[in-house]
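Shared chain: chain A. Partners: chain B in the first complex, chain C in the second.
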Partner chain A sequence: MMSAKQADRLATAGLYAVAGVILALLAGLLGYVFVKGFPMLSWQFITSPPQIFKGGGGVGPQLFNSFYLLVLTLVFSLPVALGAGIYLAEYAKDNWLTRSIRISVEVLSSLPSIVVGLFGFLFFVIYMGWGFSIISGALALSVFNLPLLVRVVEQSIQSVPRTQREAGWALGFSKWETITNIVLPAALPGLITGIILAAGRVFGEAAALIYTAGMSTPALDFTDWNPLSPVSPLNPFRPAETMAVHIWKINGEGIMPDASAISDGAAALLILSILLFNLSARFVGRFVFKKMSAS
Partner chain B sequence: MAKLVKETEHPLFKKSSKLRTERFGKGLTFAAVLLTALLTAAIFFLVISKGLSTFFVNGGSVKEFFTGSTWNPGQKHEGGSPIIGALPFLTGSLAVTGLSALICTPLAIGAALFMSEISPKAGRKVMQPVIELLVGIPSVVYGFIGLSVVVPLLRDHVTGSGFGIAAGTIVLSVMILPTVTSLALDAIQAVPRSLREASLALGSTRWQMIYKVILKTAKPGLLMAVIFGMARAFGEALAVQMVIGNASVIPHSLFEPASTLTSILTMGMGYTVLGTAENNALWTLALILLLMSLAFTIAVRWIGRGKPQ
Partner chain C sequence: MRQAAAEHILTPAIRTEDFRFYYGSHEALKGITLSVEQNEITALIGPSGCGKSTFLRSLNRMNDLIPDTRTAGEIWIGGKDITKPAEDTVALRKQVGMVFQHASPFPFSIYDNVAYGPRIHGKVRKAELDELVESCLQSAALWDEVKDTLNKPAGSLSGGQQQRLMIARALATKPDILLMDEPTSALDPISGAKIERLIQSLKTQFTIVLVTHNMQQAARISDRTAFFLNGEVKETGRTEMIFNSPVYEETKDYISGKFG
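The block that comes next holds the complex of A and B.
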């Protein structure tokens, strides 16, 4: 029989071991991607289009598509999320309607992304007739992103102290004026941090995109910025394969000889972007807070 | 009377312009929240109506769907109903989800305990940033690493082709580990400090305090963390599809190719025509995914109600 002290020492050692194992695992994971992927990263790799049959292709269009889809997704989902978050935080009374809306937002956020993608496929691609296109993909990603953003908006608005609102009311502001002039600016640092983190999730999403934005990219002319031209990168009705989808596709059916090296490079690029999103989420949020609080 | 009418024309009796902007703002935000709720309803409506058409339009048998082990919805039985035995995918999905939760839970809780009780400094400075980064890594990257590291490792050192439930389980447990760890950490840190102090003051060792006080108090939160991880594992499509081998049979070992609901859905949707029995059968799989994620959400809410504030 062990004494309590021995058990304590044993358990402490065990917890150290668990922490060590996890840290080694996670560090190994990141190290693996970076060590294998970094040698691939060159200006040529991140700007040139992929090759189908021979080696030496890049991920230029895919990188552009990922960012373009992200921007459109935020353009679609942010206004709705702002409205919904403001309503839930400021106006919603505690009744059955609010409760069922809250539950539906929660259910929406827990849906597997492949189910959201299939909904997008059926609704945007088939019923609306937009085909595999950027617009279908961006709308599907908006559905996927919306519940997350609503939560971000609601939480950052709720974290603004009540005294700030009372100050606004005391000055004769209406509720809506208080929200737009006082509460939203005060919530801005938290909002920005949350939005950037959500953007990171959208950036790497693939399952919701394979049946909405498609798995191919037509030949693009990066000098043609007319959104209506079929070869323009900005055309919202062209199919667009993102980096995450590209990694998945070439590992399943890629016939280029350097498929795994390209996946290494693309994976490193993806993780690097996520790292950038995380860092900027901290930095930009803190910067805005400093600017606005004059401290 | 005439005088009264005149009084209401006084500026103080007029509707203020603020009231108009107030109504406008409230209406606008309510429209946004309604749109979000309608989206959920639309998804449910579409997936449920498509998913049920296998049974109501194509005449598939519900019993066969849950117990049959042959999946070939393009072909028909003698009686004209499609062959839709989805048991291989159901077992595949449940196996990878259950096994990865089994592997992930002790590791995640151990790491969370380490970060909160044993060495908060190392936890905050080293583990937290790494875990935050890993939460954000796209699942495709986990699948790709599984394909290029785990599968060859299993092939060379264990048995078979390397593809199978085991590879899927390993990839999924690593994938959900960061999420579950950070949720478990939240649950453990929510245990009031006074409880820890009371326990230590009674003379208990740190370990006695951990397993008799902290783990007991944080139990609902820890359970929610694990269920949340399971929901993610169950719904994950691409990472699993890349390593599981995609054979629609009930596997006899962990190292044989198998399938999950999500993997067969990802593979099949592009190769079937909308409205056919083959395609409808895939939507039935999507319906099961939807219902399972609903069940996970309900479970989390239900446990959350018993959580001490």
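The block that comes next holds the complex of A and C.
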């Protein structure tokens, strides 16, 4: 038999080893992507459109599409997720309706993204007649992201201690005032984390977008910001290939001579974008928290 | 002002008539008839589960937020029976402030913790708020310790300071009555003694109802004591009477520490 002290040492060493493996894996993956991709990154690569037959193309429209799609997806899914999360955490009674909502959310969150993509294709692209477009893609991704967001919202609201709510009620706040002025600010760090997780999924998602946002981008005029113009980047009814879809496509069927270099560069850029979004979301979160809680 | 004070002495701040409280089918309060006088400290004592906290939380209807509960009987505060369903609980809770056992500062600055109530209730002029925050912190005997660090998070204060901040926060909505649910039981003796002195100084402006497990505390600072037992008020009267010559054997046993 081992003594308690030996067992403790062994467990500690084991946990350190596991942590080390995870760290090494992450560092290796990121390092590989960055080492291969960084040499490709240049202003020209980030801003210019891709070339189909010759080398030297960029991923400018794809980068823009990724961010635009993310923003639209959050615009659609965040209000719904906030509403549903607040309802489940604060208002829902423990009955069959609540339980079935929770089960649906759980089932939806394990739905494969390709299934969501095909649903989006049938419903938004064909039935609604929006074709391969940003709006179809954003709505499909909203369906894909809602379960995750709802759960994150619900959990971060539930993690605010009851004493905080009682303190609000005792000051004469109504239930709604307590939620908006005390619970939501206190839950904000958790909400930001959830939004970042959802954003990472949107940036990285390819399967659900192939059938909805499409695999091409029309020639865009980045000086035309009228959302109704067909060449405007903001037009939500144009097809929009994102970074992740682009990487997938050129690895499969890219016929430009520098296809693999471009996909390396795009991968590094994608990771950098996620990092950038992550940091700015935290920054915005701090700012919003100050606004919500201070004079 | 003086005349108003004289009138107040005639009418109790809180008067309950045969007040009953039910958790589901369990009757937790079995007909409480009790008066709380203006500008006095009334201590509610009794063993755990005797109903004193339930009673306290009925006075600002905090129990409304617990599902499957109901009440019977009357509670009169400021000329109104506040148990009526139509009664405006939001206005009631502004009039009847509450301080809990565990300090629960909002995750904001010291200033914002105090300013939050008035701000949500529509007071937004900065100068007015500044003045109110200062006077509340003064009344809560905290101003001198925090006046240079008003923008620091409230969580950075010590436990005793946080509890005084909670009192300042409760004062900011300008209540007439303060309910305190074991306000010192989570504090060290020195911080607790500070809060006790503070409570005594507050009774010139407020009517205070205090739930406490600490017999010495009840004896030291309260004017009247109500002894709760099994959901009933067993005995009530001036504190020195209750502690020196209780009528009932149970009261005597409880305050001498034989049970509880």
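Methods note: the second predicted complex is superposed on the first by the 246 of 295 C-alpha atoms of A that agree within 3 Å, B and C clash if a C-alpha of one lies under 4 Å from a C-alpha of the other, contacts with A are read in each partner's own complex, and residues count from 1 in each chain.
FYI, a contact is a pair of C-beta atoms (placed from the backbone, for glycine too) under 8 Å apart; a residue touches a chain by one contact, two chains touch by 3 or more.
Given the structure is predicted, the values throughout are model-derived calculations rather than measurements.
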item: Chain B versus chain C as contact partner of A:T223, first or second or both or neither; value: neither
item: First, second, both or neither for A:S110, with chain B first and chain C second; value: first
item: First (chain B), second (chain C), both or neither touched by A:P147; value: first
item: Contacts of A:N95 with chain B and chain C, given as first, second, both or neither; value: neither
item: Partner touching more residues of chain A, whether chain B or chain C; value: B
item: First, second, both or neither for A:A27, with chain B first and chain C second; value: first
item: Which of chain B and chain C A:S174 touches, first, second, both or neither; value: both
item: Doubly contacted chain A residues - partners chain C and chain B; value: 174, 177
item: Contacting residues of chain A [partner chain B, same complex]; value: 4-5, 7-8, 10-12, 14-16, 18-19, 21-23, 25-27, 29-30, 32-33, 79-84, 86-88, 90-92, 100-101, 103-108, 110-116, 118-119, 121-123, 126, 143, 146-147, 150, 174-177, 179-180, 197, 200-201, 203-207, 210-211, 244-245, 247-248, 251-252, 260, 263, 267, 270-271, 274-275, 277-278
item: Touching residues (chain side chain B, partner chain A) in the complex; value: 18-19, 21-22, 24-26, 28-37, 39-43, 46-47, 50, 106-107, 110-111, 113-115, 117-119, 122-123, 126-127, 130-134, 136-141, 143-145, 147-149, 174, 177-178, 181, 204-208, 210-211, 231, 234-238, 242, 262, 265-266, 269-270, 274, 283, 286, 289-290, 293-294, 296-297, 301
item: Chain A-facing residues of chain C, complex; value: 60, 62, 65, 67, 90-94, 97-98, 100, 102, 104, 106-109, 111-112, 115-117, 119-121, 126, 129, 166, 169-170, 172-173
item: Chain C-touching residues of chain A, taken from the complex the two chains share; value: 93, 161, 163-164, 166-167, 169-174, 177, 181-182, 185-186, 293-295
